[in-house]
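As written, the chains take the letters A, B, C, D and E, and residue 1 is the first residue of each chain.
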Amino acid sequence: MSRDVIRLLPTFMIFLPMLGSLILLVTPKRWRDEMAGLLSALTLGLGLMIWRAGGSGMLDVNWVPALGITYATELSGVSLALAMVTAFMSFIAVLYAARRIPNPGTMLALILAMETGLLGIFAARDMVLFYVFFEDALLPSLLMLAIYGKANRMRALVKFAAYTLFGSLLMLVSIIGIKYLGGSPTFALADLRAHVLPAGRTQTWLYVAFLTAMAVKLPLWPLHAWLPDFHEQNHDSGIPDVMGTLYKVGGYGVFTFGITLFPDASLELRPILMGLAAFTALYAAWIAFHQQDWKRLLAYAGLSHMGFVALGVFSLNETAVIGAMYLLAFQNLYTGALFLAVGMLQERTGSIQVRVGGVMTQAGALGGLTLALWLASIAVPGMAGFVGEFSILLGAYQVYPWLAFLAGITTIAAAAYALTAFQHTFWQARPPGGIPVHDLVHTEWLILALPLAVAIFFGLYSAPALNLMQPAVKAVLAALGGN
Amino acid sequence: MLHTPTGTDLYAMGALFPVLATLLGALLSTLLGFWVSRRTLTYLNIGLLLVSGISMMTLWNQGRQAFTHTFALADGQALTTASLQADNPALLLGLVILVGSVMTLLVSLDTAWRARISFPEFDAMLMYAITGALLMAFSGDLIVLLIGLEIMSLSGYVLATLQDSRRAEESGLKYFLLGAVGSAILIYGIAFVYGATGSLNFSEIALRVGSVTGLLPQNTGILVGGALLVLAGFAFKIALVPFHQWTPDVYSGAPTSISLFLSTVVKVAVFAGMLRVFSGALADAPGWASVLQILTAATLIIGNTAALLQTNFKRMLAYSAVAHTGFLAMALLGTPATGGAALTYYLLVYTLMTAAALAIVAALQRSEEGMTIADLRGLYYRHPGYAVALAICLASLAGLPPFAGFFGKYLAFQAAFQNGYVWLSVLAAVTSVAALIYYLRPGMLMFMPDRTPAREYAHGQRPPTTLAVGLGVAGVTLLGLLPNLWYGWVSNPAIWQLLAGR
Amino acid sequence: MVPTASYIALSGILFALGMIGVLTRRTAIMIFLSVELMLNAANIALVAFARAWGDPTGQTAVFIVMTLAAAEVAIGLAIIVAIFRKRETTNVDDLAGMKG
Amino acid sequence: MMIAFILLGALAICGGVVTIAARNAVHAALGLVGTLLCVGGLFASMSASFLAATQVIVYAGAIMVLFLFVIMLLNANSPITSKDPIPYVRELAGIGGTVLAGAFVVLAFTYKDPQPLAAGVKGVGDGTALVMGETLLTRFLLPFEAVSILLLVAIVGAVALVQRPAAQPDGVSDTDEVLLPSAPATVLRLPEREVRA
Amino acid sequence: MLRVPLYLLPLLPLLGFALLICVPRFFPGKVGGYLGSGVVLASFLIAVTRYFGLTDAPQHETLWTWLPNMSLNGDGTPANLSVGFTWDQLSALMTLIITGVGFLIHVYSISYMSHDAKYTRFFAFLNFFVSMMLILVLADSYPLMFVGWEGVGTASFLLIGFWFSGRGDAGTAEGFTVTNAEGISNSNAARKAFIMNRIGDLGFMFGMFLLFKSFGTLNIPQLAERVGAVKFNQPTLELACLFLLVGAVGKSGQLPLTTWLPDAMAGPTPVSALIHAATMVTAGVYLVARSHFLYDLAPTASLWVAWVGGLTALYGALSALNQYDIKKILAYSTVSQLGYMFMAVGLHAYAAGVFHLLTHAFFKALLFLAAGAVIHALHEEQDVRQMGGLRRFMPFTHIVSLMGVLAISGIPIWSGFFSKDAILAAAYETNPWLYVIGLGVALLTAFYMGRWYFLVWRGEYRGHAHPHEADPLMTAPLGILAALATLGGFLNVPAFLGGGHAFDTYLSRAVPLEPHEIATSTEWLLTALAIAAGVIGLLWASAEYRRGSLTDGPLGAASTRALYLDTVYDNVISAPSRTIAGALDIADRGTDGLINSIAGNSAAPGGLFTLWQSGFVRAYAVSMLLGTAAIIGYWALKVIGGGL
């Protein structure tokens, strides 16, 4: 395939799902599931093609010349890995939606629409384009929550949207600032990088404004409050939660734009940010220990993971950053799959409370897979999560041992909340008179097993992903002039 | 670059043509009303508006001026002033005005009967108002500006009161009394500006203000005093805090199709006037900007928080109009080049989205009070098309990409930021969050399943309204994806240096 | 001759009076009368400045402002009458149906 | 000259005070008439003779008569005795007015005539109808024409408001659930449900 | 000599696990058991073949790159760490123990678990454990070892919680309460084990981080070189070793992380034998021995190791004195024996420690399996007070367990004697206090094992079941283990007994050996003391037995409650953390009251706002006037102030 074609592939990959969601509206009901599955599979296929080509080159077209806004996209390195995971999990989500939701047309369309936004976020190499996709992904997730949410969804909606927009609008101001004050001709990352602001107050403040957006989307304490409600109020099937998990792109944003455009500021703020991150990790894990609702529990678990990611990214240590990207990419697999598992649990027991008891005595496969996913999620070695967390902690330790220690305690807390919740739901004896729980059927196997398999594969054989990430990270940190 | 003929020859009359077309529509509706049905007149008027629009396009880049007057300045060089100038800014803003007007007429085709205002005088008044609006956009001196404003305002008072209902009359009276005070302040301000500069013509004022010649420095006091009074007068018309309080009452009291007109066309026209005065004639005058930024900040805060508290959707949109005034005014704070471009872009987008949203309200409301936000619940399952359209409009109003509202906000922020009003853009960013919240609530409610009986008018979806809505939604989406379609025209900085005609 | 400043000062005072009237009078007509006061203040100023500059346009502007005033009066009184027909009142405080 | 100014000015202000203070509407209107006449005098003193005449004839004559007519028609002359619903409005008005007046006076006295007044007077050429007409038909041609539109609007609008025409149906049959705007809305409001959550 | 690739060793059991867990329906009845045992046997055979391929230099087999930047190139630049296995005397020994003993226990379980509903799953887990354990011991880098490290933790979690829902029938209400109670206690035990291991693992991780920080690699051979080559600062190394010690402590149930090990007896008996006696718990010892090149340079840390070991040995012995659960007694004795091993490796007597590890694997597995046979015979009866006189019902089991008792009590010719003696000798020459403790513990060990023996086998049967001898599938492993427990000691006969230190010389190729320089006479004395301790202990037990007062051992409740360590932990750590979690949760929900209030569709506007937007047109005019006045007034002031 010629380079030019490959250069166009990301664009196809981004907009194919959106196109698909439009197609779905006109597809006859009986074929919608297949159509959606096909399209998401195709998207994944495109991703694989890019991967085989070793990353697409940069495609750079003028979008709004008068404003210096360009349509610059590239999928390679970290972004490619993240895009692949996104496509994969969207595929899984589509599979489960087709199985779980009655008349899933709308849900499928929304999933695909959101996939477009997410892929765009990863592919964008222009600040404004990034912002646009960043917000695009918001609408479908809001709609999912609105259409399929639970009784108190309005509060969750408002919180979610308000936090997101609060951050992103400040980011918008900061975007305007770096272009104008830096004197770059366009918003393209390359140009901005060539016109980085001189170190100083201005850069720091702009970075802070930019960070607000990323901290909301990481999320990072204290801007995390939208997360638990968002997950708690979302549809029981857990499909929107999968997409919501994929939407946690703050770490990526900081890595791709933050570090490169605010080098001095990110060095200057490193201790504070790492402190916040470590605190977030521990804080979330600790709260998770007290949750009675699986969704909230998983939300806090995810928050804790994100604390790790942030710790890694902010540490500016190569190993840690690689680990952070690794974790960011692959936590989607098991966190998402866990949400789906909870959805299946709810479908069977009609409740997402953790105190059900003895489910595993009747649904062995469900219990076993959930347990395996949990183990992956608490970074048991041999699973993808471990590679990430271990590298992060190791790298962070090289920078600030005590913060690494703080975050390290999380691993213990994680074991505590994960196993406690699992035990109360799946282990112990099934109360007499409880609804008989039937085990996994049909595609449910795949829906849980595929992510798990991938997680294990990349936990043991991480080379493919590393080869994508390591050079990218090296390049970014080299621009930083080492640490 | 621009060829400026003198005198009032036929050629120059070309500059007058767009205005004449609308005036013709007004006169025809006034006279033919006795024989022809109102719908026919409306179609006729729409046609005339299109004609006027086309004529504007033909005038592009010709910079024609009409009613010019040449005389020698103190330093001997000749100065040509014009009462009417069809330069590019005028044409651009004129087109925006026409867009709003056409949408108003389309909507009125369906809703005027239900509002009991479907008689020729309604169209006549509407067309007069549009004429006035165009006069403002094309104005070359303060008097023409003033007359245009008055024509528009008077017809506006009438329109607001036209419906035979207590609410309409209340809104009409409020609008009129406060409007009269506003005009008085404006006129007084004009007097002061005249006193300081000795002229009513933009280019002459600009010349005097720009250079010390002819303007005694100690008269700056009067000049700026006048500028501030003019600002206050305009602030009333575009509803800047604290001159905004009439807005919600009038918009929610008047029939929706008329609120649509008032909140789009009137506002656009007044902003056109402000652009002429503040970015043109008084661009170099000190003082007014610092006051304007305070007013803008207040508007952003008050407008957004107040809208947050509303339960009636129509009234909420009224407050959102106030809030948007704040965002638009940010553009005025930019340099003429960036600010003018930003303002013109944002005004078009604002017109499209506000008009479309209000059109849907007008079509679906059961009474002219509009609908409460709660009534919107489950709209998506009863009127999917309108619901999605409304959702898009709200998203655009909230400034979410990929809809054009985002670029509008972005440009406004940029204009203010690059002219040094960083704190203002940050404030705007923060208040936009409140804005998002109140747009979000109805937007999401529409998609929430609902089992209670519908609370909107079932037969609202009719071709003309749908056309207007489609126009708005398509425009908002298209301009969001390809902003250059419009921004490419307005972005040329050269055209914004000539706001004062020279 | 009397300096322009004095005229302006006078007009300013009249303007302020009109403003006060707008607030304190409670019937629509009276409020409207006060507005007329303000307009006249503006007129004085215009004429004064016209004289200062020796420029007739100022006076012409006054001429036009008068017409504006007349037109406003026509519309305003029409509105007031229309309302009076329904409500039998000209007290503006009775028209406070919409608030908040 | 100065005496005339002071006299007229004082009278004008008095008239204004009467206008805004008189309990009886008619008195107030008459007060305004007084002011208008004084203003006319002031115009004259500023060598704007034509305007002075117009002021007296059109303003103090026609417009004010119209006012008085309406006042009588709506017998609005009886003062309103009910309590003022707006708190502290008089105080606020007093403060605001004073500030405003003070500010204007201050600004006024910063004003320096751009040229000797004599030259100015010569420039306006005594403000005769000739001068006015000349400007109106050259520099003010467009305003002059545009004002006619304004008057047209005023006429048509006034007629339309006072004698509202009958609305014409738009041909679509939706006789059900159309609400007469003048009647209070009879749409049943269901209790707000979940939205308050 | 053919070289079977090392990765087959862990891979075969792993495949067994995969098959058994994914497609259990293909293995009806006992097939799963045979498959499970088969793969372990296979890797045992491979290990044997590789054993004969052993060379003086350790053999490395590298597979694929794994972790970023955690290793070094030849030129000292960072490289990605690879997954690799190493094969030297130490790992070979461990592999043989794991696969050998593991195989026997698999075979034993075929019969022992035959009545269990989740028979196949049990073998899947056992295979998983074996595979992880092999990764642990074969790993050539700390992170890979960590994989096995947590892997065995996971396996033990799964196996302790094997009966997570109790074994009864939860269908009925009363049945539910009983069963659920058992289920809860089992689950809690499993969870406790995992969490406590996690604490240790954290220490292990930080050890790795610190090592990486100072040496830039986590590959063990490379580390060994670097430690020799580059200069480092002593405290750092000490700290790193202490961190590693924390890890070892967690895994081997040493103080203070010891409490999970006794609870771990909730699992099926073969599990206790395999994981919590023979293999997994010795991982800590293995870690220290594997890191000998660090500990050799870190005297302080080593001393800590020794003391931890000594105290744990004492603690375990004291807690074992008055237990009533047949398995709990063995569990605490395991704790105590592990203490011995730690003491040894802490004193740099690696050979002694590892040798004790070997013998302990034999006799402790033997004892557990014997106990399992008893429990099996008595239908899940575990209380020694309900036993007694079983030698008549199950003579063979009686004999073999007697062998075990003698071995652990350190009676000559039995294996325990040699290993324990070596450790005591090492202690004597370096640290008399530790020696005293060791000796005392030896005595106590003899006593409580005697108590165990007499209560279970002698006297009259006090229970109600109908005991019966176990079937061959269970007795055969018992026999083999008994033989090993008896004769295993002769692998390492000390010089003064005319032996050649065969084992020491074997191990010394992997782990350097401390030369002994104790006079032979002293050695004889030490040996005599050790034997005396053992004999006295047993006699004391039998004396008590004759007096019939054996049931209630010394220390009473204090010993039964394991010196109240659990209680302390619950009150000092668990309860507070739970409370804090609750508090934080409430706080977190409270963070965004504002948004909530707005979000819930706010009621009609009220308060100040309506007062302002009152609907009175004149009120609006007020705002306008004041606005204008403010603006103009501001300007006027500016003008007065000459601010033009």
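To be clear about the criterion, a contact is a pair of C-beta atoms (placed from the backbone, for glycine too) under 8 Å apart; a residue touches a chain by one contact, two chains touch by 3 or more.
Since we're looking at a predicted model, the values are computed, not measured.
When C-beta pairs in contact are tallied for every pair of chains, the largest tally goes to C-D.
Taking the mean of all protein C-alpha atoms as the reference point, the chain centroid lying nearest to it belongs to A. Chain centres here are Cα averages; for chain B and chain C they lie 25 Å apart. Rounded to a whole number, the gap between the C-alpha centres of chain C and chain D is 3 angstrom. Spacing of chain A relative to chain B, judged by their CA centroids, is 43 angstrom. Annotation: 95 Å between the Cα-based centres of chain D and chain E.
In chain B, the residues that touch at least two other chains are 143, 147, 150, 154, 157-158, 161, 166-167, 173-174, 177, 181, 185, 192, 195, 198, 218, 221-222, 225, 248-249, 309-310, 373-374, 437, 441, 445, 448. In chain C, the positions touching at least two other chains are 4, 8, 11, 15, 18-19, 22-23, 26, 31-32, 48, 50, 52-53, 55, 57-58, 64, 68, 71-72, 75, 79-80, 82, 92-93, 95-100. Residues of chain E in contact with at least two other chains: 598-601, 603-605, 609, 613-619, 621-622, 625-626, 628, 632, 635-636, 639.
Residue ranges of chain A in contact with chain E, taken from their complex: 154-155, 157-159, 162, 222, 225, 228, 283, 286-287, 289-291, 318-319, 322-323, 357-358, 360-361, 368, 375, 380-382, 386-387, 390-391, 393-394, 397-398, 401, 404-405, 408-409, 411-412, 415-416, 419-420, 423, 426-432, 460-463, 466, 470.
Listing the residues of chain E that touch chain D in their complex gives 600-601, 603, 614, 616, 618-619, 622, 625-626, 628-630, 632-633, 635-636, 639-640.
Per the touch definition, chain B reaches chain E in the complex via residues 173-174, 177-178, 181-182, 185, 217-218, 220-221, 224-225, 228-229, 231-232, 235-236, 242-243, 245-246, 248-249, 286-287, 291, 306, 308-311, 373-374, 437, 441.
Chain C meets chain E in the complex at residues 19, 22-23, 26, 31, 92-93, 95-100. For chain B in complex with chain D, the touching residues are 8, 23, 26, 30, 37-39, 66-67, 69, 83-84, 109-110, 112-121, 124-125, 128, 131-132, 135, 143-144, 147-148, 150-151, 154-155, 157-158, 161-168, 192, 195, 198, 214, 216, 218-219, 221-222, 225, 255, 366-369, 372-374, 377, 441, 445, 448, 452-453, 455, 457-459, 462.
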